[in-house]
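Have a look at the structure below before the remarks.
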Amino acid sequence: MAGSSFGTLFRISTWGESHGKGVGVVVDGCPAGLTLCEEDIQIFLDRRKPGQSRFTTQRSEDDAVEILSGVFEGKTTGTPISMIVYNKTQRSKDYSDIAGYYRPGHADYTFDEKYGFRDYRGGGRSSGRETIGRVAAGAIAVKLLKEFGINVTAYTESIGNIAIDRERFDISKRDENPVAMPDAKAAEEAACLLEEKMSEKDSVGGIVECVVKGMPTGVGEPVFDKLDARLSQAILSIGAVKGFEIGAGFAVTKMCGSENNDSFVVNENGDITKKTNNAGGVLGGISDGSDIVLRAAFKPTPSIFREQETVNKEHENIKIAIKGRHDPIIVPRAVVVVEAMTALTIADLLMMSMTSTVDKMKKVLQ
Amino acid sequence: MAGSSFGTLFRISTWGESHGKGVGVVVDGCPAGLTLCEEDIQIFLDRRKPGQSRFTTQRSEDDAVEILSGVFEGKTTGTPISMIVYNKTQRSKDYSDIAGYYRPGHADYTFDEKYGFRDYRGGGRSSGRETIGRVAAGAIAVKLLKEFGINVTAYTESIGNIAIDRERFDISKRDENPVAMPDAKAAEEAACLLEEKMSEKDSVGGIVECVVKGMPTGVGEPVFDKLDARLSQAILSIGAVKGFEIGAGFAVTKMCGSENNDSFVVNENGDITKKTNNAGGVLGGISDGSDIVLRAAFKPTPSIFREQETVNKEHENIKIAIKGRHDPIIVPRAVVVVEAMTALTIADLLMMSMTSTVDKMKKVLQ
Amino acid sequence: MAGSSFGTLFRISTWGESHGKGVGVVVDGCPAGLTLCEEDIQIFLDRRKPGQSRFTTQRSEDDAVEILSGVFEGKTTGTPISMIVYNKTQRSKDYSDIAGYYRPGHADYTFDEKYGFRDYRGGGRSSGRETIGRVAAGAIAVKLLKEFGINVTAYTESIGNIAIDRERFDISKRDENPVAMPDAKAAEEAACLLEEKMSEKDSVGGIVECVVKGMPTGVGEPVFDKLDARLSQAILSIGAVKGFEIGAGFAVTKMCGSENNDSFVVNENGDITKKTNNAGGVLGGISDGSDIVLRAAFKPTPSIFREQETVNKEHENIKIAIKGRHDPIIVPRAVVVVEAMTALTIADLLMMSMTSTVDKMKKVLQ
Amino acid sequence: MAGSSFGTLFRISTWGESHGKGVGVVVDGCPAGLTLCEEDIQIFLDRRKPGQSRFTTQRSEDDAVEILSGVFEGKTTGTPISMIVYNKTQRSKDYSDIAGYYRPGHADYTFDEKYGFRDYRGGGRSSGRETIGRVAAGAIAVKLLKEFGINVTAYTESIGNIAIDRERFDISKRDENPVAMPDAKAAEEAACLLEEKMSEKDSVGGIVECVVKGMPTGVGEPVFDKLDARLSQAILSIGAVKGFEIGAGFAVTKMCGSENNDSFVVNENGDITKKTNNAGGVLGGISDGSDIVLRAAFKPTPSIFREQETVNKEHENIKIAIKGRHDPIIVPRAVVVVEAMTALTIADLLMMSMTSTVDKMKKVLQ
């Protein structure tokens, strides 16, 4: 409960610092019998690794994952799955400058305040590298959900003022451009914006959207473990996220009930569906069978190359200019992290929902 | 973990349905020695009870709280504090209509899907009355936080398109108008909007903002139990909330790093503070000593008096017109719920932060 | 997590003090669709209430339970089941003596040390009345387990040196004697022993044994939530318990492997069973399909009428003689508490086991 | 919550199988600022590694631990401490026999029943090698407790019928004999017994006792997280443990209240202590300042070289003779495991106790 674990039944615990020996995760509670190999994990990790485009840091890290336990003869055994990615950039670079002051927008100051000191190398525990553990675990959750026909897909919805056009939405485009947008034209415009901001030694924010298709009804636990509440915690736990929306999100605040209410309707198969999906697939915290739709607001990369004002540990006002290699935007590499956190949350609550009625339990026990 | 509990060290468990015998909460983990009486709780409950203005249902419920345990000689004992509010409207009203169909925007359908059937009287467990337990527990959290100089205040930020003007912000006005706005002029405009929507048999959404002053640094547990992540779960767990923001929230997605980064600065007392607070008081999931600022997006009341399309349990398309007494807006009565959930989250994480270093523990143990 | 909750999926939270307004419990996570009424609970509570024999305190408390939530039209709804028993003996008896000193064998001193002060009336939170909440919740767990063919039965195995004779074992006798022994002759001898000790103003300890029949295999989570580990926590959490055994228990320490190992054998139905059951139905922390057999060691009632040495709050050595009405033995009334805690543990872990394989989940989801 | 984690604030998650790539543990919640290096861990692991005497398997495993995260510049940072021990015996030995049948006294059958299949190599997850993670984590807990003057020491109390003589008790002898007994004479007798049983191709059980000195009062959370209840779960979670006692344990069942009650007394320093310690340092689930004394009953090693009856996966009765290298007794190598689990439990509950009163919190916050 000290913060590095997430989930109740499908539970992950991440560990590791940016410049320590490695980063990793232990997944406890994954059901037995799921086909799994390192390649299943690696394809997810490759989506977040640096050096993929001119908008991501050129550090060459292959981030190769190793499964250390919990898989036998190609299948999960039901016991903890431990995964590790060794750090390559563990070299004794000179961090003495960073050690002595507090970078704006970073967690340097708060870690020092909370723990008395910190591993200052490359952000330590608060580095984006921590998300490797999430993505590795999320890859398993994604694979588990597929067994039940559930698919999780995230993409960049906007970068700065450049948003995708829903008319041009084509998910197959997402992996063909460096900004992970499912809209080729918006992707081009966003690339221009990024070039501009890079030349200004500045950075940009953006929005990641995630859609879950094939959701069964009944997932999510009232009252505090509502599906949307747990998704919200999952998403806000990603560094740099400052906002969360489910369905119509903040737009509902300007709608009337008659606009916002989604009418139920019986479809051609006699099934109950909804005419619209302002709810984003959740009613009363429980999945209603429609697509889950959520959005995460990412702040601009705090590491910028312009001169900035800040303070040092001696409580003196100073000016700094951050060096090194930093992405001008967090969003494209964060898309797979949003997917991972969404899948982890849904896998956990799906498992929780197995015991909501005596009749469901009888299906297993008899 | 079945969903009706929140918190790790300061832990609450709510129970009760809208038209059952009562609603209540058990608070486990409140430190001993806090002065507490029923009046401390009642003043919070009175802020959410119905019948306070023309914009809230005219049901007369006094919602009187009774403390059943955990307080002795006027102080908390460290053992569970059980609180109950008996329901008055338990009468055998005819709910046969609601029982048979699914109201748009409500949890009727999802509860049936999850549990096989539901207590359909007045929304059952998914009724807004469930928040009584949260507010009662939150009142204790608020009182506990005051012992450490921490103050939690929420208010209506906007209703539909009517937002408060930051220039006119005056928190003392909040309790003088029926919409809980800290801006008398905006409150008047919002009241007009509500009158209009009521005449149209419609409802409106809005935003509640919450500010926490006096925060110590170091509160919040990386990685998954970040202060903002837990706040987000807390807020999204409130029925009708569809979005959450911390600090600048979604606005950061359109900002550059140079705009969004809050510069650290040493103030006249030699203390480290920030020039701006786009972060909303949280860096890397840990409080930085600035005010915590968050916002919750509330959807319009789903119960509207217009005719609506929906389906019944027999999977037939039908039309319905909801009757009874329903507020045209959720926001004003939800303000105290947001305050309660915020206080509960911070109290819990404040307690968690007591053991972040060996030195802190030595202060207690020696 | 502040100690008054137990279980992960089938989770209970008890509250209340001996002489406060009442005691109660909230059960969260009970699957929907279980037929339940107050009488189902009351028959369990009646087994632990005082005044049933000359060996239990003559206080007349009817301990009538009221279900406040979570049951609708005679069935559990899946939402929290809140139950309350109001205290009758809330009168302002003079407790000023107890308030000032620390009774040997009681928690007076440790509560004062932990919380700074305590509700000293009748033991407060550490009173045996706290078990009312456990028994009420346990009654529901027992009923749930019966749906799956699982039966939990506890009884007195020994009182002082008087143990039941396995040759004479007859569970139908258990409720026919005041000491809850399934052996009429041993019960008579135990009654004599108790009369003798009462005349000596002293008290006696004993052992409660509990057997669970009809266990499915596969219940219990390695490594830390082993079935026997969780049962052990459950049993030791009962006040006055000082030891726990599963299967052959401490006797295994004097056995050879060849004696202790239970041979597996295929029975006439082609099913795998064990020739013996030294394991007590648990191998590697997981149920093996044999009966679960456990034992709890209860200390003698600490409240005795003889003069005892102790100290007061002023740190002075004093002599005291406890007054009032106290059972000369805890065991007979604790039998139903052991049953309750066993059932609660098994219900919780049974629910946990629903998701141990992908195939099990497919039975529910398809 | 899937079973491989233990603790609330000081929380560990173990992973790994006997013949997988390695075994390890993640410790989350260790306070920052504790001096720690691999040698601190290794000395504990060396106490449980095989090949130390003629009574332990002659496998040569050096079980060298590597700290992967959470320690910076020689001190814990407050972030997760990940530790790994790579397995040496990962070779492709022929396990086809074990794969097909169920060894008596082992978890082969129950793992197959729970998970559908199992990693059968050397016991897989249910192997004693799993305890490496516990011992590594326990070493940290032991070091943390020492900061507060708390010392945890375990030793062999008995092997078969050979028990230590309290008159000859000398803890300094514990590490001088192969059976970890603090009594040289008993150790010799035990060695003879073991030689005899080895020649008979059989195994023996025994008792481990653990004493905690320097305990502060107030540790342990009523009601379900009582200190003794959590210790009991911790101890029973060790494979092969079949019983647990605190203080006088099962002996209390044959004592009178006047014998069992520990009188409080004011000592020469004016402090409150107890004349005797039948309670084992716990009253009402809370530490009373006396030594914690507990005992764990270990069964004889189930792997014996005699022919045994059992069944195979095809549900046929068969006879088997286990081969390989197996200790004739579990106890000596389990001593450090008991120490580890005891330390982990106490560290966790010690941290929980930091927030039991408002006054304690003020010591940290002001």
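By letter and in written order, the chains are A, B, C and D; residue numbering begins at 1 in each of them.
The rule is short, and it goes like this: a residue touches a chain if its C-beta (ideal position, glycine included) is under 8 Å from a C-beta of that chain, and two chains touch if they have at least 3 such contacts.
Model, not experiment: these values are computed from the prediction.
A.B. asks: Report which of A-C and A-D is connected by more C-beta pairs in contact.
C.D. replies: If we tally the C-beta pairs in contact for A-C and A-D, the bigger total goes to A-D.
A.B. asks: Same interface as A-B shows up in which of B-C, C-D or B-D, over half of contact pairs matched?
C.D. replies: C-D
A.B. asks: How far is the middle of chain A from the middle of chain C, if each middle is the mean of its Cα atoms, in Å?
C.D. replies: Centres of chain A and chain C (C-alpha means) sit 44 Å apart.
A.B. asks: Just curious, how far off is chain D from chain A if you go by their C-alpha centres, in Å?
C.D. replies: Averaging C-alpha atoms per chain gives centres 38 Å apart.
A.B. asks: Return the residues of chain C touching two or more other chains; collapse runs of consecutive numbers into ranges.
C.D. replies: 1-5, 8-9, 14, 29, 32-33, 78-79, 114-116, 125, 222, 352, 356-357, 359
A.B. asks: Give the list of chain C residues in touch with chain D in this complex.
C.D. replies: Where chain C meets chain D, its residues are 1-6, 8, 14, 102, 104-107, 109-111, 113-116, 125-126, 130, 158, 160-161, 197, 200, 202-207, 217-218, 220-226, 228-237, 239, 242-250, 252-266, 270-272, 275, 278-280, 283-289, 297-304, 306, 308-311, 315-317, 352-353, 356-357, 359.
A.B. asks: Under the touch definition given earlier, write down the residues of chain A that touch chain C in their complex.
C.D. replies: 1, 8-9, 29, 31-34, 78-79, 144, 147-148, 216, 222, 350-352, 354-365
A.B. asks: Can you tell me which positions in chain B touch chain C when the two form their complex?
C.D. replies: Residues of chain B touching chain C: 1-5, 8-11, 13-17, 20-24, 26, 28-29, 32-33, 66-70, 72-73, 75, 77-82, 84, 114-119, 124-125.
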